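Below, chain A partners chain B and then partners chain C, in two separate complexes.
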Partner chain A sequence: MLNWIARDRVATLLLVTIAVLLAVGVAAPGFLAPSTASMIWSNGLVLMLIALGVFPVILTRNIDVSGGSVLGLSAVTLGLSLNAGIAMPIAIAMTLGAGLAAGAVNGVLVAVLGVPSIVATLGTLGLFRGVMLIATGGEWIEELPETLKALGAKSLGGLSVMGICTGLVIIAVWAFLRSRRGRWVMVVGDNRAAARHLGLPVKRIEFLAFVWGGGMAALAGVTFAAQIGFVPNQAGTGIELRAIAALVLGGISLLGGVGSVAGVVIGVIFFTSIDTALVFLKIPAYWNDLIGGAMLLTVLLIDGRLRIALEARDRAARYHRGDAQAPQPKKLEDAA
Partner chain B sequence: MKPALAELISVSKNYAHIPVLKGVDFSVYAGEVHALLGGNGAGKSTLMKILAGLVTPTGGQVRIGGKALSPATPSQAQAMGLYLVPQEAHIFPNQSVLENVCVGLPQAASAYRSRVKDLIARLGVTLGLDTKAATLEIADRQIVEILRGLIRDAKVLILDEPTSALTPLEVETLFTRMRALRESGHGLVFISHKLHELRAVSDRITVLRDGHVVHSEAMEDSTDAEILAAMSPGVTALSDRVAGKIASEEKVLSLSHLSGEGFVDISLDVHRGEVLGLTGVVGAGRTELAETLIGLRPRAGGDVMLEGRPFRAAKPSDAVKQGVVHLSEDRQQYGLFLEAPLYWNTSSFVYEQLPFFLRPAREQKRFETYRKSLGIKCASPDQPVGSLSGGNQQKVLLSKCLAAEPKLLILDEPTRGVDVGARNDIYRIIEDLAATGTSVIVISSDFDEVVRLSDRIAVMAGGHLAGELPAGASTDAIGQLAFESKETLHA
Partner chain C sequence: MKKLVMRWEVLLLALLVIELIVFGMINPRFLRTSSLLYGTSDFVQVGIVAVPLTLVIIAGGIDVSFASTVGLCAITFGIANFFGLPLAASLAVGFGTGALAGVLNATIIRLTRLQPLVVTLGSLYLFSGAATVLSGVVGANGYEGIGGFPTAFTNLGYAQVFGVPMPLFVFLCFSAVLLVLLHMTRFGRLVFQVGQNEEAARHSGMPVARIQMWTYVLTGLAAALAGLLLSAYFGSARVDLGGATLLPAITAAVLGGASIYGGKGSVLGTIIATFVIGYLQQGLQMSGVPSQISSALSGALLVIVVAFRHGLALLSAFVPARSSQTN
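Moving on, here comes the complex of A and B:
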């Protein structure tokens, strides 16, 4: 059990999430039902996609705070092209194209021009939002076609089409990170100079991470428009910070090189469950931020204390020296 | 003549109009070990980085396997069969040892598991493949770098000071591997500051000074004196030990049955004005002992007396206040503030004594006195310390320790990556210190250095004190103590 927690923060978080859900279930009967699970999943889709987009960027020790604006920009691209009578597959392709292009702008700024990623994406955060507002003239886009809304509605086994897509993306990212090239993303963030020294295409990896982030934000934009059926001006505002908070909660290090897909998924689900639970408990929505923030800090503190205790145990094991006769040839394996 | 596997033709390099290399020719043939020697700042590392595609030359040609290196990138150089094992190990702290070795190879790491295991066994070291690299000691990190080179099957392997953190036993096994590679037609470049190591494996030697080739001959045709003279005119040999020093009986530090992380039951005395050499193989617990003394690691048991009073440091600043100053073996990570000016580094142990409003002029003056007495070569006290060569960085570190006016100075590997000239200076500084009554503990894996410096030698093995030897003991005697218990450990 302790070893399991030691391996990953994900384990701590999973336990806390389950405890919270059970507690809410006790307080509000009817909460613990399959329909709640499906609701949490669909409520969390947009945040999940944004988080999955930022994830590789953070793994390479960069950051992307433009996700919300890319979401807005692509949702508007989708809305405008659909309302102009363009067929849905083409409209979605254009939307993804817009997201990838926005990601490429970030990628060029950071990987090619060498702008620090926080500065570059803060800039494009405003820039993309501005492009979106100019495109709509400041108006909301309403009356999206039913075919689009169908993508966000429940179809197969309580899941929407976008929900299934997101599931596939999760599996794809998981498989990618286990592959040889997936490992490259992690090592670039772990030690950039070393990665360059070993002949990895560091700049290309960073660039592609940003492009991926843009693409995922576009997918989030499609999901957003499909789920609520219109595109407001402030679509996606602030979601990038929630995504980054969920990632941190899921054990993804902002210093790069550390993190797992399981962490992303649990982090996002944790945040969404709290929001959903508050609705069930009939707590006014304006409490959400306070409770969410407090939970974030609690989990991080508990996890931090656990980790300190475990590290002390590992050190003791590593430096344990018995009598002179006691052989210890496997000193390093013990520390692992 | 055998074919040249890698060639540099009149390569030059300028950094901001300052020439570092001036038309250097260099080549490695199949089946030879080519030694490259030069003082700190002579341009060896830059030259090798150019060969490995990490640095673009200002002029001249780089050819690997008869073809020009283009584009000049590390991945292209590796694809053409050349790998550089750098001096400072580049590791990925959050990845396993196996991943660290195999990143960038054409297949996933798991495919190489058995080969890496085999190489580790052949090098004769213990290293867990699934250990997180962050937990590795500095020597094991260097082993990881060497493994990277070996697993890549590069036709040309450049080893930039691979032995600086290794023990003699590990050095010997590395040499065996190098000879085997030479027999199988590989070309190796071997950079080291230790002449006897170069002599043990090299066929040819090239000496660089101030960006020029000043000596390039077959190894057997070059005498030590010639090589040293070429490298730094005026120095013909390492200065010898001053004989006939009278040891003081007064104990400055005495440990009784001290235990902690990685060592048990250490009882030792250090006398006033004595240089105590503390040696052993890597992992023997020397560094841990030093770090425990100054409060970086928890103490498990035992007592320490400093000048007759109980001594306990909860944190390093306690130790400094009581006159015990420690210099870490990893100067880049724990010693220097690389981006900070030289004089800030000199003041860094005594910040608490500085006035509320800093007086830079006074600090610079302090630096100036140490610059003169230690012979630090620099342009100005405002220079960032990262821009100095290894030997001068080490002297800056010494100046910082001296500024704290220690009673007991603990130096962990004080001459790692330092050239012969600067090494002589550092030996002289240590001797001068001892002569003025400061006790010095020198931790070193270089048995020759320990013999050269120490008034008394303590050898640790497997966390225990394996024995004490008087001044002038032979390196064989040290080796016996250091390795004997290691063999029982493996049994």
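Moving on, here comes the complex of A and C:
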């Protein structure tokens, strides 16, 4: 049991989520309905897209904290171009272009110039937010066309167009990570030096991971604008930290190379379910941060202790067998 | 001589001087002693948290939770004051909260062996949530402030010491203490050693856990100091007092020369960087640049300066290799 909990983070988190949902269902009748599921999905879309964007970046042992500002920047690109009368498909293409370009800036800083990713993306977090505010002149963008809002409205079986898109993105990422090139992303994060010696284009992989992060943040910006119907100045602030928290909860290691798409999805759903459940339990919204933070720390604490206990047990078992002929390969922490 | 000129702090100081000259040319009022002195009250809280944060980063950690700790300490102080505790006791409550926050961070990091970024990210939410909920206790719902401080306290925010405004004076004293602590004591050497190579430090019997604990506790205490100063300055304790310090403080530490990988950094650099960032914001505002552009420019500044420094490091690693070949 202990083994299984510690080794399969995704399954544990899934069980915890189900337990939490059931408990809320007992406390607040009417919570356990299909409509709640569709609500949690649509509430979590923006966070999900940002998390899916940061995911490959973290797999390569970098980090991207500029997601919130890229979201804002691309939502503004979308809003301004739509309100200027540009057709929807072109406007969305421009938005994605803005996001990809922002991601490319991060990628150049980290992969080409060698700036530590946390520093580079902290800088661009301020930079992109500023560019966004310059573009809007500090004003909110309102009166977005109905055609855009329709993308965020629920249609087919409680799913919105953006909801379906996000589902497709999840499947695409899952399929990609199973492919030969997808494994490269993991390899770079697990052991950068080894990946280089294997002849992988390490810098290009890192660069593309950041570009992908920018693109996903742009998609999140489209979703945000479609769901809210306007673009406030602070659109997306703080969401990058929530996304990273959700990823960590889903078992994605910030040390790179470890993580699964299922972990991303369940981590995001866990966070969103808690927010949604609080609404159902009629707990004032200002409890959100306290409960979210306490849950995150508790999960981390339990998970961390379990992992340490398990490692100690494995080691004890190895010594017990007197298994000296196969020394455990030590991970090269300093190689990267 | 070359060593002195090429020191990072000297380059930063030159940057600061250039910045002051440029803004002085755009708007001569900027260079008046009074505006230079009193302008600092708007940004020294960034420096107050950035300096101990430098220690955390040097010791191989990172702390992002201080941004909420600032608000949390202000709120606990406000609550203690609300329930009629004497000023000294209320202040003790505020600082105690800060120290506890640091202990909590360090303990969880130690227990889980997780990356400090993850843990302090969790406590960033936890502390701001706790502050919001606590401020509800005394009826100040949501983001309203807790006021009603004794005038002896609120006067502190505007007091002068030797002609220097109180916040600046506190910042300079506090960073002087940390400067001595980091660069001239055994503790300081241990901080560097732990950051350079934690395993080596542990194997040579250094109290790694205790050193790291102290760096987080110092950051918590500094966050309390910043929270209390801001409460005195604004006359009310709010949950979101420290929210705006998160990025500038990390920027100041990194700009000041702290390596995010640990083992490198200097308090002096962080102090100068604080002024570079602070005066950049002020100068831009006084030159009539909207505040949104100034935030973009300070983000750009961080990226450019750090990229420049990495370029410089690459270059200096490259040049000796070539010259040794020709010799």
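Remarks
Going forward, the second predicted complex is superposed on the first by the 296 of 336 C-alpha atoms of A that agree within 3 Å, B and C clash if a C-alpha of one lies under 4 Å from a C-alpha of the other, contacts with A are read in each partner's own complex, and residues count from 1 in each chain.
The definition used in the following text is that a residue touches a chain if its C-beta (ideal position, glycine included) is under 8 Å from a C-beta of that chain, and two chains touch if they have at least 3 such contacts.
Since we're looking at a predicted model, the values are computed, not measured.
By the document's definition of touching, of the two partners only chain B reaches A:315; chain C does not.
In the superposition on chain A, A:257 contacts chain B only, with no contact to chain C. By the touch criterion defined above, A:126 reaches chain C but does not reach chain B. Contacts of A:118 after superposition: chain C is touched, whereas chain B is not reached. In the superposition on chain A, contact is made by A:199 with chain B only, not with chain C. Annotation for chain A, partner touching more residues between chain B and chain C: C.
When both complexes are overlaid on chain A, the residue A:241 reaches chain C alone and has no touch with chain B. Contact with neither chain B nor chain C is seen for A:26 once the two complexes are overlaid on the shared chain. By the document's definition of touching, of the two partners only chain B reaches A:179; chain C does not. Judged by the touch definition given at the top, the superposed model places A:187 against chain B, while chain C stays out of reach. The residues of chain A shared by its contacts with chain B and with chain C come to none at all. Every residue of chain A that touches chain C in the complex is listed here, in rising order: 63, 109, 113-116, 118-120, 122-131, 133-134, 138, 241, 244-245, 248, 254-255, 284, 286-294, 296-297, 300-301, 303-305, 308.
Residues 62, 64, 108, 111-115, 117-119, 121-130, 132-133, 136, 141-142, 247, 250-251, 254, 260-261, 290, 292-303, 306-307, 310-311, 314 of chain C are the ones that touch chain A when the two sit in their complex.
Within the complex formed with chain A, the residues of chain B that make contact are 54, 73-79, 84, 86, 90-95, 99, 103-105, 107-109, 126-128, 130-132, 135-136, 140, 148, 260-264, 283, 285, 288, 462-464, 485, 488-491. Here chain A touches chain B in the complex through residues 179-180, 183-184, 186-187, 190-191, 193-201, 253, 257-258, 315, 318-319, 321, 324-325, 327-333, 335-336, going by the rule given at the top.
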